[in-house]
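In the two complexes that follow, chain A is the common piece, with chain B as its partner first and chain C second.
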Partner chain A sequence: MKNYFTLERVTALVIVVSCLGFVDFAGYYGQELIAEIAILAIFAMSLDLLVGYTGLVSLGHAAFLGIGAYATGILTVHMGWNVASSMAAGVIMAGLIAAIIGAFVVRLGGIFFIMITLALSQMFYAYFLKNREFGGDDGMPGIPRLDLEMFGLDASDPAIFAVFTVIVAALVFVLLDLIMNSPFGRYLLAIHQNENRMRSLGAPIGLYKLAIFIVAGMVAGLAGSMQAQHMGFVSPDAMFWTVSGIVLIMVIVGGTGTLVGAVVGAAVVRMMSHELSSLTEYWMMYMGLFFIGIVLFAGDGIYGTLAKYWHRARDPKAPQDLAK
Partner chain B sequence: MLKATSLNKSFGSLVVTDNVSLHVPAGGRHAVIGPNGAGKTTFFNLLTGEIKANSGQVVIDGQDISSASPDARARAGLGRSFQKNNLFMEMTVLENLATASAVAMQLGKIFWKSFQTFSAVRQAAEEIAGLVNLADVLKVPVKNLSYGHQRQLEVGLALATRPKVLMLDEPTSGMSPEETAVMLKLISSLPRTLTILIIEHDMEVVFGVTDRITVLDYGSVLVEGTVEEVRNSEIVRQRYLGEAIS
Partner chain C sequence: MFTDPTFLFIQTLNGLQLAMLLFLLSVGLSVIFGLMNFINLAHGTLYMLGAYFGLWVYVNTGSFWVALALAPIGVMVVGMVFYVTLIKRLRTAPPLKQVLVTFGLIFVGLDAVRMSWGNLSKSIPTPDVFSQSVTIFGEIYPSYRLFIIGLGVAVFVILYFVLERTRIGSVIRAGVDDRDMVSCLGINVDLAFFGVFCIGCYLAGLSGAVAGAVFPVEPGMDMSILILTLIVVVVGGLGSLKGAVVGSLMIGMAETFGQVFLPQFASVTIYALMVVVLLVRPGGLFPTRAA
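This part shows the complex of A and B:
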């Protein structure tokens, strides 16, 4: 019996529909917020492929966000490409660099993987910080948005752009959901649970880790390209290590190992930090306390914990299904 | 079918495998026995590549795998179980066996189709579950399984790779006499064409399922021969079997 209407898919659908419904009367501020969260959700989903599904905790994922953003910025502003091609190029560029980095780092485990990804991403940060041609620490302004003229739409309208980002995030969800439910996705789950056994069964685990590292890099590159278009601007700050840290917190807060968890985490952390920072100067401390609370009392994250209670309430005796 | 020639391994100054050779013909049933710390598990690890040998050669079905990676050796036909349970603890029995079957069928490159739609995988998994007497607990998460059932699954995962040579590292370790009897029956019931190499302390199991025995002692081969030869060997009686049977 195949179950197409999993809790995760239904939740994703509800989120997408409510975002689209909300755009119309959200006003400028709400529309900007939706676009920002949708982009962060794409970024967080890409990191969750590594952290939650495969067990590779990266603290340098912002490098790929930055590469996607700079690729779009450089190609449109300096070289006159159209935005669509620059998006594709950003995704491919992020994938290529992920392939090169991944070839070296996927063999490493635990803390070494964390430190190396952190160090490498800081190298990218330092490069763009110093490079005058691409604006150095001032960044690069004047990045255009995708031309939606062929649909009779104007992407500079915040409502239109918000809808566009939500649709792209939904498509990313569908694609990644497909991938993670495939045999390839099953390999990754199994590698996460017991890498040693997976190898002795005959799976070349390094190749699979490399493959998902590349996919995660490409999706992060897409998020970066969208972010550059949204803000019309990119600076080295996009790839600073704190950006990697915050997206990791988003994934953990929402719940690792599910795409919706990453989406929920992106929305909650983004909204909380914004609300808190307008209320108090000590908002970082409250965010920290909130994060500690989640880790201590809801180790599966917000979505992960709710999903667990939901499954338990529906069928108390059933074993926890891996496929969710 | 499986041929190991002059395998050597030392950890620092400790020689753990000392010029060990072994030949198991197709369909052969070969036991490796020896006291604790004799180097039996290490010998298995040298065969499967989990530990790199200092020197020596491993050939399976005519294919030299001496320098191949562990996963390549598994694909070449070496399927092993572990002395200490080494399972996918967060999955059910069925999911464990389905995962192993998917690896055996090398489906990992397929990323566009739902895993659930592969009925051949499910069939293979259920078939293995039947072989290792786990058909009744397919949906049970491994972490809720009894120890004996977990040991059976350990063998099931090795079988699911459809190995040419099945390598079992103390399949009955830690088992009650009843569970051991189940395991003995299970191993005896495996198809006669399957080549088996087994490490075992329980002499009833060894004499029950194997036709040749290698006795390891301090990393080197003390005696190698048929069950009868080893049983009657004076030196083995003195050094090892004395305590095990009498």
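This part shows the complex of A and C:
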């Protein structure tokens, strides 16, 4: 019998419901924080498709975030498009660029993949940093938010926008959950676990990896478009390589290989940096130490570890890799 | 002015100077990777520490030469501490862990520097010997920059001699080729790696101290140089001295001439160069092993 109420889905539902409940009585900063976390959660989930499910460790994922953000910014501010079509264009643009980049990076493995994704994302950073037309290092202000008039809502209200981002994040979760539980998703997991066996079974490994690279790029592009709308602004900093590093940390902190893990990681890291930066000027040092500690000592991440204990408590005899 | 030979010559010297700094950084990173499959994103942080240590020694002793002698040793000691506490246990870890731990170290290093020396940009004055500029083809050129070029060449010659002509060198080259086999021969590869790691840190510190008299010494100087260094290593091929030299020269020149001829696309030129190289040779120009 198929179990539709997996721990992961139930956890996701609880997170979404509690976020929506919290929006109502969170103040302005709380609502802004929720929107920010929801957007980061989308971004982190997209990276987890590569890192956790497929075993492709990208250190250049921020490029797609930036492409989605710049596409939305350029199309709305310079070309006068409406926001909805600029969002779609941002997603498609990120997908196209992911297809081009992916076509020659998915063959590579391990450290080469890491370094080349890093260098290529810096190429986009360098381009937008120098391009005066799109604001150069000052960035591009004045990006509008999606028009929610047809629902009778005003997206410039932080509460409404927070709810909107949470709903989009929830939809992304459902979509990616469907993809990863489809035969295609199973293929990717199998490639991650034993690439040589899959190759000898005749699976077109490169094609599958390219496909998920494109999906991950498109979802990151969506996150970028949302981020541009949230801040009303985009600058090259959105695609600086440390952004890729931090989202990678989020995935690790939450636990790789589960979509909810990425969401938990995004929330924990964002809230931590928010709290720490209000306490000390040197908060980055403590974040760095926290990252090192998590990577060295908590291999399964927060959600991964909790899920492991949960499954163990429910059925002590079951094999212990159920967390994934 | 773009076809003026004097101008081109001066730009070539500028490119060489950048290339030599990149060489000092990338050779350590590349050989450490080749020998141990360890990727150290905090290599740029060591460069920054070299510059700050140099500044600190200079402020306290007033001598550039003492700073240049001591700062790299200080950086090497920092590297040793990291090796013993963190890196030793990461050697066999998957690349993801290595990247993330050294990524965390970047933040720690950045704030440690900000805590100790503040956010402001500083500089190390060039020593009196180099206060005079030299005249080359009627153009005035700072002699300190020639010193950097000379230093880079000297380091290359020494490294080449040690790697190619001594027993230690052959252990290192053999370790890059086939680590398990060398270890079976009764050679302590771990010790060799530790030695190479220390030298790599020393050279990173040296380039930082040297660069401190040309570029501003400020928090964040690690980030800008790190990406260039990684590109050098990727273009040159992992694990080889030759790759580090050729990669540094190509990137140093492409960056310098790119700034001059295509300022609009300044930094994009080096990435374009990298993409072209990788399309032709996916493992870099002179890889010691197949990618």
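Throughout what follows, the second predicted complex is superposed on the first by the 319 of 324 C-alpha atoms of A that agree within 3 Å, B and C clash if a C-alpha of one lies under 4 Å from a C-alpha of the other, contacts with A are read in each partner's own complex, and residues count from 1 in each chain.
In this text, a residue touches a chain if its C-beta (ideal position, glycine included) is under 8 Å from a C-beta of that chain, and two chains touch if they have at least 3 such contacts.
Values in this document were obtained by computation on a predicted structure and should not be read as measured data.
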First (chain B), second (chain C), both or neither touched by A:A190: first
First (chain B), second (chain C), both or neither touched by A:W310: neither
Per-residue touch tally on chain A - higher for chain B or for chain C: C
Chain B versus chain C as contact partner of A:I179, first or second or both or neither: first
Which of chain B and chain C A:I252 touches, first, second, both or neither: second
Touching partner for A:A126 - first (chain B), second (chain C), both, neither: second
Which superposed partner A:L118 touches (first chain B, second chain C, both, neither): second
Chain B versus chain C as contact partner of A:F151, first or second or both or neither: neither
Contact set on chain C toward chain A in their complex: 33, 37, 39, 86, 89, 94-97, 99-101, 103-108, 110-112, 114-115, 223, 227, 230-231, 233-234, 238, 263-268, 271-272, 274-275, 278-279, 282-283, 291
Contact set on chain A toward chain B in their complex: 2, 178-179, 181-187, 190, 193-194, 196-205, 208, 319-320, 322-323
Chain A-facing residues of chain B, complex: 48, 50, 69-72, 74-75, 79-80, 82, 86-92, 95, 98-100, 102-104, 106-118, 121, 139-141, 144, 157, 160-161
In the complex with chain C, residue positions of chain A that touch it: 51, 57, 59, 104, 107-108, 110-112, 114-116, 118-120, 122-123, 126-127, 129-131, 241-242, 245, 248-249, 252, 281-285, 287-292, 295-296
